[in-house]
Amino acid sequence: MTIILNGQERMAPAGSSVLALLETLGLAPGRVAVELNGVIVRRDTFARAILSDSDRIEVVHFVGGG
Amino acid sequence: MTIILNGQERMAPAGSSVLALLETLGLAPGRVAVELNGVIVRRDTFARAILSDSDRIEVVHFVGGG
Amino acid sequence: MTIILNGQERMAPAGSSVLALLETLGLAPGRVAVELNGVIVRRDTFARAILSDSDRIEVVHFVGGG
Amino acid sequence: MTIILNGQERMAPAGSSVLALLETLGLAPGRVAVELNGVIVRRDTFARAILSDSDRIEVVHFVGGG
Amino acid sequence: MKSDTLTIGGRSFPSRLIVGTGKYPSFEVMRRAIEASGAAMVTVAVRRVDLSKSGDALLDFIETRKIAILPNTAGCRTADEAVRTARLGREAGLSDLVKLEVIGDDKTLFPDNEGLLQATRVLVKEGFTVLPYTNDDLVVAKRLRDAGAAAVMPLAAPIGSGLGVQNPAHLRLLLEEIHDIPVIVDAGVGTASDASMVMELGADGVLMNTGIAGATDPEKMARAMRWAVEAGRLAFEAGRIPKKPYASASSPMEGMVRRDGPSA
Amino acid sequence: MKSDTLTIGGRSFPSRLIVGTGKYPSFEVMRRAIEASGAAMVTVAVRRVDLSKSGDALLDFIETRKIAILPNTAGCRTADEAVRTARLGREAGLSDLVKLEVIGDDKTLFPDNEGLLQATRVLVKEGFTVLPYTNDDLVVAKRLRDAGAAAVMPLAAPIGSGLGVQNPAHLRLLLEEIHDIPVIVDAGVGTASDASMVMELGADGVLMNTGIAGATDPEKMARAMRWAVEAGRLAFEAGRIPKKPYASASSPMEGMVRRDGPSA
Amino acid sequence: MKSDTLTIGGRSFPSRLIVGTGKYPSFEVMRRAIEASGAAMVTVAVRRVDLSKSGDALLDFIETRKIAILPNTAGCRTADEAVRTARLGREAGLSDLVKLEVIGDDKTLFPDNEGLLQATRVLVKEGFTVLPYTNDDLVVAKRLRDAGAAAVMPLAAPIGSGLGVQNPAHLRLLLEEIHDIPVIVDAGVGTASDASMVMELGADGVLMNTGIAGATDPEKMARAMRWAVEAGRLAFEAGRIPKKPYASASSPMEGMVRRDGPSA
Amino acid sequence: MKSDTLTIGGRSFPSRLIVGTGKYPSFEVMRRAIEASGAAMVTVAVRRVDLSKSGDALLDFIETRKIAILPNTAGCRTADEAVRTARLGREAGLSDLVKLEVIGDDKTLFPDNEGLLQATRVLVKEGFTVLPYTNDDLVVAKRLRDAGAAAVMPLAAPIGSGLGVQNPAHLRLLLEEIHDIPVIVDAGVGTASDASMVMELGADGVLMNTGIAGATDPEKMARAMRWAVEAGRLAFEAGRIPKKPYASASSPMEGMVRRDGPSA
């Protein structure tokens, strides 16, 4: 299926969870925040949150700022 | 009847017009603006605007200001 | 004899030394500077510096200042 | 003879007056000031002031300044 | 563009200086000060007629054929109050001009920009030529412009304080961005150089009251302000020299008479 | 005392603005700027005639019947040099006026006050009307006055810097103490408000060159400076309002139309 | 009240200085600067993970057991964007603190106070501890406070400009009126004296980033800022002397040794 | 060069702050303030012993093993008086250090630079380490240096005025030119940011008295000044960011979460 991750199209296996996606991306779940179709996904539900085709996912973290 | 002129109670003959009121007060109609119960009374209708009991009338003019 | 000490006349025994004067005044020699007729009297010569009649003596010390 | 005019050597006929020098240079006497060997030559004596060999002459005028 | 013409809402005024009419020792002193100032527009307040006394009327001392009346909404604390006062002012003066004030704090008389925007929107719809008194907030100035204000009038300093321009940097930023309507600096001008500075920053005009009315000699101060505004505008148009940290001689360094003759 | 009259050494001049003649793009631009400035006195430098070229002469562009010439000793680094230059200037101009400069540092062109005092004493004895360029040092100003200077000319900022008054506090202290001779602020004025501020502090006059000559439009800037000096002087005489930390309304707080009727 | 304790929303922090984490030459330099600054809270931005590169993570260089993380909404231009970013920041950091920015102009990065108020209301309802970045507008500060902001953070000057406090008079007026929540001056501090001045005006804290990160030696500047904030706070608490226009001797005038003896 | 070491005439002092001992409410308050300031040198005045009263002696409250005594010539109006007082001070303190004052005006306590130079020359010849109190006159500072002064001590503002640096531009020009001896800014510092600013301009040290002694809490203000001097010096060494007229974001503009998802 196709998802839109941080504004860019990307393929992902059907039925993937947010957690699985993060693992694929090599990202530690403890350091990111995830928004799925505009709604925050709480960290303790990453494993249960299942992606669907055309989902819009935002994965953000902290960078230097003032 | 009793009207409230510039926030203060005052007696006025029943059926008085705004124009009559101004004349009684010694005020030139060309230099003031009048509000009757919160609505502007245009200058050319001063003679036709008849006051009723308990009316609230504001008569204002220009004073020095910055 | 009469000396002028810090601008004011004062009696002193003839032949007094600067050191004797300071002792009379109750001043510790280590904390003051002395000028005799406009010339500095070094501290180690206080005992040898003998006053004469009409001498002008300044005895100064440190006070708070900026 | 050789004179030093405004810091530079220059030939001039022996016995020249300051006035003659100015005329040779095309300068109006009314607009300049002249110093001969460090001494001011007043304008009304330009004709009488005769130059000698090695004289140092300064001819100045007004320029824009603040 | 003439140096001394200020255009507001399509109308041209032959002076960039607008003066208030409050706080003068007498109407006669005011009359002379207005004349000395060269102002073509004066602000007035709208107040209840005081029925307990009669006396001279302000307008008898203003040459209304030559000088435009700009009613204000001074003292209003809400958009509603300001709109109501503006309407009364229009009726009294038969002109659409209004200096719009919505005050958000009594001690500083700083504007409530939220209420100001609301009132501006209402009054623009009713056909007023709205001149809102605001602070040096560029974002608000843009909003007021977009809401249809005929000018924006940022403060130099608190009303009546005489402190002069407190934040030239932010005022400059505002002036750089607001071009399609005039920017008239209102409030806080204390003396001539304050007025000049405002104009040098690129303001289109200045509005002041206390600076003139409260001076020891208001008429003379009015004349001072007239020339100060003119001077500041001319300096803005003339293009000032850049500031330099070091000196730069005005007289040439060549041609000095030096050392090679005997010294004096 | 008329606002626009400056009296130096017993002579009266109908303007408080003195302008320089250096650094203009052309003599013609200078001529127009001087006229626009209204100045009644202009400074000039004394330099060797350049024998390698001919051309227009400065004085052809100055209306010397109406405008006094003030030769300077710009560029002089010692009292001796300055005295020598002053003597040459007097001879060239047939006037006793001299703007005396003794420069103590090439980068800042700050005065050497010690040399300045020496040269002042010599020139006063020779009958000159001495106007020394100095810094904002009150003690030196008193000495110059006591030495017979006809005026003192403290700087606002380094020559040609355009920085405006760098130390209004010290300039004010100087102006409070020096009364018997005029104080003319010389150097550092960059724009109109600088000139106004100088006059508001109580200065008797201003001297400037680069601020006008270096502007994009020197003639217009000259006019700006004319009005700025006039405005500043008038403001000084008019007595400005005191500065206040808080606001003070210009319109009366009584008689407001408030809440007791239905809102708009 | 200890000089160096800042209390926000019921939490106490052992430093009045908050520093940013942007613009450092490296994370290691940042780490040392934060340590030198003594700050107990640092701001961070919330951004998309850049999937095209891996590398060091910001948080590896911040001792999060001792230092609180303050996510910001920098770059957001609407209340909606800011709210969304704040929620993401909370999720990433598991803390309710948010430095709220709603930017109204790209060139100046001045706040959009209307959007700021909206976003503040939403986030307060959601349990955030909201620290809004605003300008020196007292009326807006009161509204933010009334909307439940945990602090207000007025600017000293445009973000990253290093200009220092541009309007001490208006900042002082704001500080006089806002007492129940801390006022933390945010943006525009360029050097140590700027930070001291902010604290002397009575601010409860200072937030800065570019002033430290952009210095030639960020670690040393961080230490400078630490002492500057401490110094300014102490000076505020110590009660400075009033300013006087004239001199006042520090040494006594009595007891001078004068003239009555032979001179030296 | 250590940030906190000041070297004068070959001697090193572990603080860049020098404090006065005048005007304290009591010797005990002074003692604590000196300790809090971290100063390694204190100024004292030389006065006739007052024979009419006895009491505590100043020196009992100064830890003279750690703190150098710097006798001043405060109140002297001529070079002769100052030389005489300096000699007495040396004798009383058995140290060659002298803070040299020759006052030229009683209202401003501005220096008489001519007398200062004369006295400096005499005292240098007699082996004194001369620290002359002068104004921000670069030309005089060079002369004092050339006359053998161990430091120059230009004022920030009139003594005791608390006005802070009145002319940073001229002070900067002085600091740029005087390198071979320390420049210690003396007089006029009113609060912490004044002290920081002085150090940021590149001064080697600061001397103050009234700013501390006259504060409501002198001990706390002394601590403030200690950190302020340290902060200002560190900031000077750290290299501040340049000032910019516009904003410059501290957080990256890339990676924003924007509009492409549903809004909050």
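As written, the chains take the letters A, B, C, D, E, F, G and H, and residue 1 is the first residue of each chain.
Following the convention adopted for this analysis, a contact is a pair of C-beta atoms (placed from the backbone, for glycine too) under 8 Å apart; a residue touches a chain by one contact, two chains touch by 3 or more.
Because the structure is predicted, anything quoted here is derived from the model rather than measured.
Within the contact network of the assembly, the step distance from subunit B to subunit C comes to 3. Interface comparison, C-G against D-F: more C-beta pairs in contact at D-F. The distance from the centre of subunit B to the centre of subunit G, each centre being the mean of the chain's C-alpha atoms, comes to 56 Å. Each chain gets a centre from the mean of its Cα atoms; for subunit G and subunit H, those two points are 29 Å apart. Subunit B and subunit F have Cα centroids separated by 61 Å.
The multi-chain contact residues of subunit C, meaning those touching 2 or more other chains, are 7, 35, 38, 58, 60, 63-66.
Multi-chain contact residues, meaning those touching two or more other chains, occur in subunit G at positions 20, 22-23, 45-48, 72, 74, 84, 87-88, 107-108, 110, 158-160, 163, 169, 173, 209-210, 213, 245-246, 249-252, 255, 257, 261, 263-264. Taken together, the subunit H residues at the contact with subunit F in this complex read 104-105, 107-108, 110-114, 117, 135, 137-140, 142-143, 157-158, 163, 166-167, 169-170, 173, 177.
By the touch criterion stated above, subunit H contacts subunit G in their complex at residues 20, 22-23, 45-48, 50, 72, 74-76, 80-81, 83-85, 87-88, 107-110, 122, 158-163, 190-197, 199-200, 209-211, 213-218, 220-221, 223-228, 230-235, 237-259, 261, 263-264.
Of all residues in subunit D, only 4, 7, 35, 37-38, 56, 58, 60, 63-66 touch subunit E in the complex they form. The touching residues of subunit C, when paired with subunit H in their complex, are 5-7, 25-27, 31-35, 38, 40, 42-43, 58-66. Contact residues on subunit F toward subunit B in their complex (touch as defined above): 249-252, 255, 257, 260-264.
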